[in-house]
């Protein structure tokens, strides 16, 4: 029975164990400001994972997020001078629309989200390549600082990125657990047919979930673009798999209806700890990938709650 | 934060160089002056961690770069394991995160050599290293408005290669071999990568003098052998015998092209490539490739680390060096069939021992912006 | 021959089997009855090897055996016929029959399809089913599937030399009357070769078929009755531990309905391929029962009222106007509530707790601008838990973990608390024990008293007759006959069956 | 990622045409695509071009067939990139170490590579089944491990295989098609054989059609699962061998891009991600569709930046056309 009670906390426990392990081997890991900075740096990844949580929470997946973010870095860079801070609206709108179209293709055309979002990602990539003229673009530094300088920097030692992440997390958490929409998401993830039979507009809910993941991808892309002060069609590469891994390690399985945004927070932190442990523990360059894979297996084996899964596929 | 905006407005009228310097500090300034502050003041470091941050280990080019870095570390009397490897796997996000991690771990006591994966990523990397008091030398990728001299001593140097000229030279060799007529196809790198753009421009420049040669098509092959193979196959369908020469953006692409041709039994197609990988040089010696351009990644990898290290320990003071010592082109050596074997013996089979304190000897002049 | 001695099984927090003694002789048909949660399914799982007993012993012909999995049980001649959907629908009939035992047809690593088809035909003959063994199972009717299921278990005949014990778990729940008769005669024939354990909620069938009947309650065997001594009342008394109300279907509570108002009007409605030309009116306080065999169009009519099916012709009016689009949202918005047959899939959301399930169809009532008032939700759930005596530790309990009857109560509470006054009940008492059934019947009467109209597809004909004001008999999607049933003047079973088949 | 099939057999008064149409839709899509590209550029429709498409498609076809088995079981295998890399590299090392030409003992490197593939798949299956980790995550992580292993073995170098005999896979042609196309064809037939004529192959469908029901029938589902992943690993290794044969290079990057490509191909071919439906011929058609699109777009001279988008749109259309919408209640 005690193990049953521990289950919801397994991701947290895994995180703490990992942190202690790395810290025990290399105590310099415990520098609080450095840790804070470490966490601040993964904010775009975390936002991406937050969005991915919605897609996975309803039992789907969104593979277009990385390309949406790529597109957004280009859009943000190209139109910053013209629209200033309002370029954010264009970016977020683009993410929302792409996500909604993915959702529409999945729900109304019965194309599995794995393929639908992958294909939508290709379309977004085309857009990014076209708009960027196939070049790496950089933002006008003055315009960037004037419009988005507030995204970075510190207040009372707290990096602003963390504040943004915190706000987004709070919004996502509120959406998930305090709104009819979040409740509907859970119903769709855990029992879609029952949701239909209860008169929920399931299609719209699913389309909204993908639209949300697209929106978060756009926010992540925008932040990343501002951080790097530029954009190109490949800038956000490398986000996708890590975002998925972060969600899964956090304990939101692909079956849907279980887990949530708080899990994603833990999952992202676990991924980041593993990754920076490679640097802190000076893991041999040719071994890093393999060790990442093995630790991942161990972490997932520890964090997933199998009691909600009838059949493990 | 608000002080930052105030600063920003005040400094708006300053000249651009100084402004960038200011904004570089300004963005993260509060953090630097707050908790992390003390390390900023240090002028020189003792026994800094030497780190190389690069794309991946699955590419021979980066292996050459790293071998240079390791050779340099060994020249200091350390084991080559002393070099810290930061691998970004093609992700700018990871590149930056790894840099932050190493800075945190060493508290800024680091001499970093880096290719930032994507040009926009160079600024945040340099900013964070400078802020933590470390020393960084960059290779290949940076935006045009980012300059080492805007960061005092901490941004030691940037080395790149001007590919347009050498690519034009190889293109001329190719066009000559084609007899000045026929059709040429170009298989490029990732379209947005600067070297990919420059190498295609080189070909276009050369074509101006060969009006009878048509550029049939230019497709990105993403530096990828398999993709190059498929694109070349499709070219063969579309243009067939019209193709009388192939211009490849790098050696990896050339391998894929060669195999696509081989599958068709075409053995004598003129091909040129770029990078001078050992296998490509061997192919040049066998006249399967007519020319490649050796950029000496071994030296490049070693000297980039050496610059960061020696600046860090105070061997020289970067801010006292002229600009052409802070931003410069790396060496290029044209490899053609006649000298391929000799070249291979001199540079590849036995790697020359370089003097890692001769920072600018083999370099190729200051970087020129268009 | 086959014996369980003092078998015990415990799960965390539940003592599922308490020192159960059970035996079955050669060629015997043994009935097994009990309320849901009495331990029947646990006992069966122990018998066919899905669970291992914690205590006691299992002997076959005096030899102690212990099964780690169903496979080992099969090797000892114990087979199980599951409820309808236990064939894998994307496989052929013969593959299903020999699933897990293909090796006998494999030569040099290759499956000999001809040999398998021949062997499958042999099995199908045993159950008198004349179909091509290469048919994809999804193309069969439910009744055919049930027979294939039996044929599959009967492969044990060839495989095992010794005696066979075959468990039949609710084998008749999807069968029409004549199909049930066919099944029973088959079972009786087969007693020359096998013994049967027969589990069913239909007491009459158990009584008819079984030589002896085991009655279970709370994980223990409370009585063993011989066929000749068996009386429904007595057995039910043992099962429930109290007398079953004589007025089982609450006929005395049946009130006349208000024929002046119309909730739902069907005017010559057809859905292509499902049913055609159906007309009826549903009035407040009326229980309208659709009677027919599986596939007669009953469910499709329910789904049309709810908005899940779009009529191809005719008009459907719900509260005076027709739907503009066929979807459930509009149905729910007009006060239609749907209690589906697949309770665990469509009724409740497994993974959501009690209050979340109760407000799922009416979240708008418990939210301001999309933000939920969770406190009110919990209060609602508490109220209905009390009102319907739902057995749950608290409102946070995952509905997937409740018993069938309590799940059904949650579903009914969901609609009633939301003010639905057109309630569609599809097999509302399916799989429920007697006590829970009575609760459902009470609720149906209460809803009628509150002015709700109910369209019912009942689990049994008796239920249909007992509960309804109006009965429509359907056959192959066509209307046959309408019966009015006021208390004391109800149609007989025979009347209905006559028009059904 | 999962759906439920509504099992409504009653009143299925649909014309017979629809089911057949959906079944053949992927092939129709393929033919329409070929016709379209041929119309735009007649040279597309030449034997030599088809040979080129098949050369490019062969390794992916092998990988896609491997993952088809796993998908039929209702699971998914994302380890192909790592598996292909590690098989290619292991093959190259053994091959060179044993003599460097097929005419010597080095031919042993072929079965060794397949063993390596089987081992990767086996471990993958074990992790999935024994640790009860959903296959999506288990195989994804296993892919990292595979790539990492390949990287560790090569240190990042590429290994050239120059042996003319081995390279005859690419250079020798029978009836205008190189040997590797025939090798792929033979393995396709083997896969078809496994799918239709062996117990294991049929059990994949049983597991995909209803796992709990298969368990209740006495099927050792765990064993079937592990065998499925192992078999997938073997096909990944064949894909690796063909990839090495095509380019003469074995490296850590040999496995790149196989993951999304092969799964897209499987789905486009009409095999359902939720298991139980489809098979190796579907996968063949799916792989051909994907590669015909890729080749065709370059052949008709579509600008590079448009190609990704067009691929995306065509993939969506192909899947829509080959989905039996009436039999599905929802898709995730």
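Going in written order, the chains are labelled A, B, C and D, and every chain counts its residues from 1.
Here is the rule we use: contacts are C-beta pairs under 8 Å (C-beta built on N, C-alpha and C of every residue); 3 or more make two chains touch, one makes a residue touch a chain.
The structure presented is a predicted model; accordingly, all values stated were derived computationally and were not measured.
Peer 1: To reach chain C from chain B by way of touching chains, what is the minimum number of steps?
Peer 2: Minimum number of steps from chain B to chain C: 2.
Peer 1: Taking each chain's centre as the mean of its CA atoms, which one is most distant from chain B?
Peer 2: C
Peer 1: CA centre of chain C versus CA centre of chain D: separation in Å?
Peer 2: 42
Peer 1: Measure off the straight-line distance from the CA centroid of chain B to the CA centroid of chain D, and report it in whole Å.
Peer 2: 36
Peer 1: Return the distance between the CA-based centres of chain A and chain D, expressed in whole Å.
Peer 2: Each chain reduced to its C-alpha mean, chain A and chain D end up 29 Å apart.
Peer 1: Which positions in chain C are in touch with at least two other chains?
Peer 2: 345
Peer 1: Any chance you could list the residues of chain B touching two or more other chains?
Peer 2: Within chain B, residues 57, 191, 220 contact more than one other chain.
Peer 1: Name the residues of chain D that each touch 2 or more other chains.
Peer 2: Residues 4, 151, 155-156, 304-305 of chain D touch two or more partner chains.
Peer 1: Could you list each pair of chains that touch, in label order?
Peer 2: Every pair of chains in contact is listed here: A-B, A-C, A-D, B-D, C-D.
Peer 1: Give every residue of chain A touching chain B within the complex, in rising order.
Peer 2: 26, 28-29, 31-35, 37-38, 41-42, 44-45, 73, 129, 132, 134-138, 141-142, 145-146, 149-150, 152-155, 157, 159-160, 224-225, 227-239, 242, 272, 275-276, 279-280, 282, 284-286, 288-289
Peer 1: Over in the complex, which chain D residues touch chain A? Could you list them?
Peer 2: Per the stated touch rule, the residues are 1-2, 4, 73-76, 82, 127-129, 131-138, 140-149, 151-152, 155-156, 211-212, 260, 263-264, 267-268, 273-275, 304-313, 315-316, 319-320, 323, 325, 328-332.
Peer 1: Which positions of chain D touch chain B when the two form their complex?
Peer 2: Per the touch definition, chain D meets chain B at residues 41, 43-44, 46, 48-49, 51-53, 55-56, 151, 154-158, 160, 167, 170-171, 178, 243, 246-249, 251-253, 256-257, 294-295, 298-301, 304-305.
Peer 1: Mind listing the chain D positions that touch chain C in their complex?
Peer 2: Checking each residue of chain D against chain C gives 4-5, 7, 9-14, 193, 197-199, 202-203, 205-206, 208-210, 213-220, 276-277.
Peer 1: Show me the residue ranges of chain B that touch chain A in the complex, using the header's touch definition.
Peer 2: Residue positions touching the partner: 1, 4-5, 8, 12, 19-20, 23, 26-31, 34-36, 57, 66, 81, 84-94, 96-98, 100-107, 118-121, 123-124, 143-145, 190-194, 197, 220.
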